[in-house]
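You will see chain A twice below: alongside chain B first, and alongside chain C after that.
Our next item is the complex of A and B:
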């Protein structure tokens, strides 16, 4: 009986739909607009024109113009990065001084005073504590600067304009225009960028955005890029130009990352993730002066600390592993030395070396500890003086001292260039991999998102190394 | 002995600050569910934060809230659970965020739906408001971003707006916490039934469509006498909304609305 009534209702609705024709949707929408216009006429009084809207339009004319849109975007990106890099130096140095040069020795002497066995003290203090301390010292300051700057731009209303500017390119590559927003977010942290892809409705385009987010150079990788560029790229030009050359090289790598992002998006959308580009309305919101302090506060609480916490959770076990592999011996050599030896030949093909590959394997949890691990392992295998002992990560006060150690470890300009490329093109950190899994709930896509960039990294560094050796 | 008539102010409801407790994410054992709907970029998340004391991240880009965010507050010993819906321009299409918002207002049975609109872009925002008023008869219009409207020299006669829409209208500038006490008071009055809404129903529809809607709506009312939004269901059926048709066929519709 009930079922019959319901069937009747549906049948009636089908009949009526035929009777009123296919204008229904439009008629209804028009009706709503007409009602809205009537109501507004009675209730709203506007005083001649909208000065503010005109100002908004003027700003938009510049920031979304064909001529100025792109240069302005790069300029703002460069400015944000510059502020992040320069600004992070001082607090990073202070944190390093506190956590590594004050607290670490204090912990060590405490451990020896209570008679802790060397392996426990090494495992806990040199391994776990040091990795966590590194992550905090290197990661916290740039994030505490980058995220608020990003949030200020966001609150001001600039991000949708970036999406507007890049929309055409995203459409060409078969991806969603809102990917511009998640990509920008990735420059801060890929894990945050992956979470941000929730704004993309279509599952196909969301997957593309998730898989390609890793091509946005994240906070953990900026310091590596900057350090290596300063030591090796800055050195090949006259010293007056070295600052600009190294900053240029770093921005070059970032832009290369954007190119790879478009290329991969395009390739994915033409092969495994085929489909229509979905259209969407992007309202350019009015510019709003951000509420400065509130923005700073919420972005530090919401983004910086959450991301930092996750990094710490993953870095602690990595520190333990690093300490273990350099202190457990098989025969005469530590596990780390064995690994480095066996990787060396393979790594040569890619213009890298065994130390770098081992460092990238053990530093999967956090990109921040790549450079300290490389230094520690280089000292371990070359046996040159310096460093703090087996399994103890360290970084040197000056870039030139770091350069000396690396050169002693056999580094050339090619090693440096390829390390920068490999730092851009390798698997996402474990925090990001975990986030990808949480967001996609799919092992398959998590694996693809993790493996694809490494494969690309090997291909690119291989080509660069072969061509380099052929011509130089 | 002469009994003086009480002044209107003594009996009139006003905000009781002592009765307010912001509960953050603690939403257990609530008395009322409040849905927060509105166009993208009208400051919905800011209103949400102002009401709950939470600091959900807000950003000046449309579509920031993708999943439903929930929070709560307590006012005059009643607990309110607040659900921040994704911002949408309309409820008539099939995209995921519109579906989330539409289904929640339709089947989540919020006690009150607060519709947040941008005061300087009222006409465009009313599109969504008028659709929501077809679905629910307990709503409050939160006329947000009044500071911007003032700067743009836009004056809004909130009384005539409230009369035309048939729901209470509260002007706010949530970024500066202005109007939030009044909003809370109004929500509580609609929730308790002290304010009864007579929501606007869409008028400017061609006669033949109006007749079809009427006919279908009557049939729906016969089957489900208690639903307040038979007209909206009729709209959706005429539109050919597969989701609603499926729900009707499988009988789930009945569960949802009871």
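Our next item is the complex of A and C:
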């Protein structure tokens, strides 16, 4: 074809484009939909018109009613959490007995019988093995209970109704109602909560949900909160009230986390995230009987085991690092002792101490090993009797014995309160950070999600410490 | 380490927070101030002058150097230097004290206008920025986009004809669609027309128009006209405007046989146990949000009713094509229905 003809055709097509106008695509789409609707109307006969099943409608009326909607929701969530925390104690204790109290000594004696050098046996068994075993014992049972329960509710169709009920609150902070679900999922595990944000299809709201998921107190942090509250908060009230006081403190921290979640969501949506696309829609699917076994199977394979695997991958090197810094000496002090020493002054500003900061640095891979690490380091630097030796994490049977060690390490009520706050407001564990990166594919958002909570944690503990010292 | 004073620590902290706030507070923080003022480079000033000249010459308005300095609100010295430099480059020429664009100068200006309008279009379609921010953001971005960037942008947006205010976007060859419209203030009572353009300058009036929720693409009918106010109906609502605002809105008059839906309502006012038919989605909803609603079945002719009310009032669930979909009120108010 001659060049002139081609030019003519291109010119013509440009002209036509101008004539058709901008709204062409829109009108075409609308026209196709409208035509399809007309055809369906003529060709398809429905038995009972648009009336939905009566049972469905009845359930919906109850779960979204002004009177029953919210109490029902809190009851169900409280029940799931209670079952998770209480129910997980037994299998956790069994796993701990097996992995920590049976296999660990067995491995140690095996190592000494084959004449393994002390450093190799310490590095592998006290370091790597112990951290991995700890994470499995503490993490696996709650997740294996929480995720199937949650997935059953999801499968039944109840969760979208929660999002429906709560959406208005989330809208006020610029977030999506479905964030209520990812937040609840975060109470089980933040990494799983971050994965669950896939249900939010609006980019801005999804990022908000990912970045703020860490404000949900996860399974790895509940035991820390409960232990510290029992030891320190329970002790300042009459013993008849101590149970309620410590429970109240833990719930208070969790609620504080929810407040921070709303606050941060609002701030994010007004500043760094305001340019992201925001849409909203929420489908309320019909209820259906959950496929029980299939749900249990998939939730254990898809959620529990994948998360557990990632946690193990990160916990193993952490265990090695913990053992190494406690056993490698520079001069007459171990690396851990040097670090604790140099952090002490800085940590004092925040009402914490060097041991806590070092524990939070080396235990980034898993919140589960924070308390064992703190105990081990406290024994290491104070030189009090107890513990299992340098670099060997341990936990004690009784809370009061744990309290004795911590008080010997210089802990006060302020230290305890600020530890609880810092446990809520610090960087996500490395499993979660990795998951955030996988989900957002963006270094920027991963960094923001990791740094933001630590900064907030330091600000909050700093303010609490100063005000505490001024007035108490 | 126990000898410090918590009060002083607190005061230092408060001081630092205040400083941080002053630096980074939205819009008026010192950080943004510094960042933006350093942007007023030679290139930016030159391009702003070209743009200003182009718009004025299009309205047969010829500016002298003083006019240029006054309207640009930049340092006089820099503006004069810039004009001198552009004269040697052949972008502008002096006729007496009037500054005129040469052919290459007006081509350059068109390129900047193209970048500006394409970027506004991009902000409207592909981002979540509020529409009151579009213009300011495009004012900055137009100087950063190279010609290749602009063409790539045009391609990904499907070579759009108009920016979100209804202004035509110049093509690569500098062609522009013609606006054949009449300002609302010039229309007779009972005229039916489609809004094709809303002027984004001056800023105050533009923001007032946005606050009234008037938008491009909607069909209006003039109901009342006097020297104090102009009243028109559109998408089920009555709008009362001062003539100065109405003069900034341009409509293209439609033929008489176009059916104007007079008793149009918005979906958010539908009550329980009522049925309605969808007439369309307001043109204000664009990009992803619009496509999503279409996908879900909120299309012309579909029947809709309320499925569930919310204990907190919002969102409500609507039954559409046998599925229950929850929408917030600000979305439902953009779906037009007829009972």
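Operating definition for what follows: the second predicted complex is superposed on the first by the 375 of 472 C-alpha atoms of A that agree within 3 Å, B and C clash if a C-alpha of one lies under 4 Å from a C-alpha of the other, contacts with A are read in each partner's own complex, and residues count from 1 in each chain.
Rule of thumb we're sticking to: a residue touches a chain if its C-beta (ideal position, glycine included) is under 8 Å from a C-beta of that chain, and two chains touch if they have at least 3 such contacts.
In this text the structure is predicted, and so the values were computed from the model without any measurement.
K.L.:
Given the touch rule stated above, what does A:13 touch, chain B (first), chain C (second), both, or neither?
P.N.:
After superposition on chain A, A:13 lies in contact with chain B alone.
K.L.:
Quick check on the superposed pair: does A:70 touch chain B, chain C, both, or neither? Answer first, second, both or neither.
P.N.:
second
K.L.:
After lining up the shared chain so the two structures overlap, which partner does A:243 touch, if you call chain B first and chain C second: first, second, both or neither?
P.N.:
neither
K.L.:
Of the two partner chains, chain B (first) and chain C (second), which one does A:171 touch, if any: first, second, both, or neither?
P.N.:
second
K.L.:
Where does A:37 make contact in the superposed view: on chain B (first), on chain C (second), on both, or on neither?
P.N.:
After superposition on chain A, A:37 lies in contact with both partners, chain B and chain C.
K.L.:
Between chain B (first) and chain C (second), which, if any, makes contact with A:5: first, second, both or neither?
P.N.:
Touch partner of A:5: chain B, not chain C.
K.L.:
Output check: A:29 vs chain B and chain C. Expected answer is one of first, second, both, neither. What do you get?
P.N.:
both
K.L.:
Please identify the positions on chain A that touch both chain B and chain C, taking each partner from its own complex.
P.N.:
Looking at chain A, the two contact sets intersect at 17, 25, 29-30, 33-34, 37-38, 50, 52, 201, 281-283, 285.
K.L.:
Would you mind writing out the residues of chain A in touch with chain C in their complex?
P.N.:
Answer in residue numbers: 14, 17-18, 21-23, 25-26, 29-30, 33-34, 37-38, 50, 52, 60-61, 64-66, 69-70, 164-169, 171, 177, 201, 204, 270-271, 274-285, 344-345, 348-349, 462-463, 465-467, 469-470.
K.L.:
Quick check on the complex: what are the chain B residues that touch chain A?
P.N.:
40-41, 55, 57-64, 66-67, 89, 92, 95-97, 120, 122-124, 126-127, 129-131, 148, 151-158, 160-161, 164-165, 175, 200, 202-206, 208-209, 212, 215-216, 219-220, 222-223, 234-235, 237-240, 245, 248-249, 251
K.L.:
Would you pull the chain C residues touching chain A in the complex into a rising list?
P.N.:
Going by the criterion above, the answer is residues 1-2, 4, 6-7, 9-10, 13, 26, 126-130, 158-162, 171, 177, 217, 280, 287-294, 296-297, 299-303, 305, 307-315, 317, 319, 321-328, 331.
K.L.:
Report the residues of chain A in contact with chain B in the complex, numbered from low to high.
P.N.:
That would be residues 2-3, 5-10, 12-13, 16-17, 19-20, 24-25, 27-40, 42-48, 50-53, 151, 154-157, 159-160, 178, 181, 198-199, 201, 281-283, 285-286, 288, 290-291, 297-299, 301-303 of chain A.
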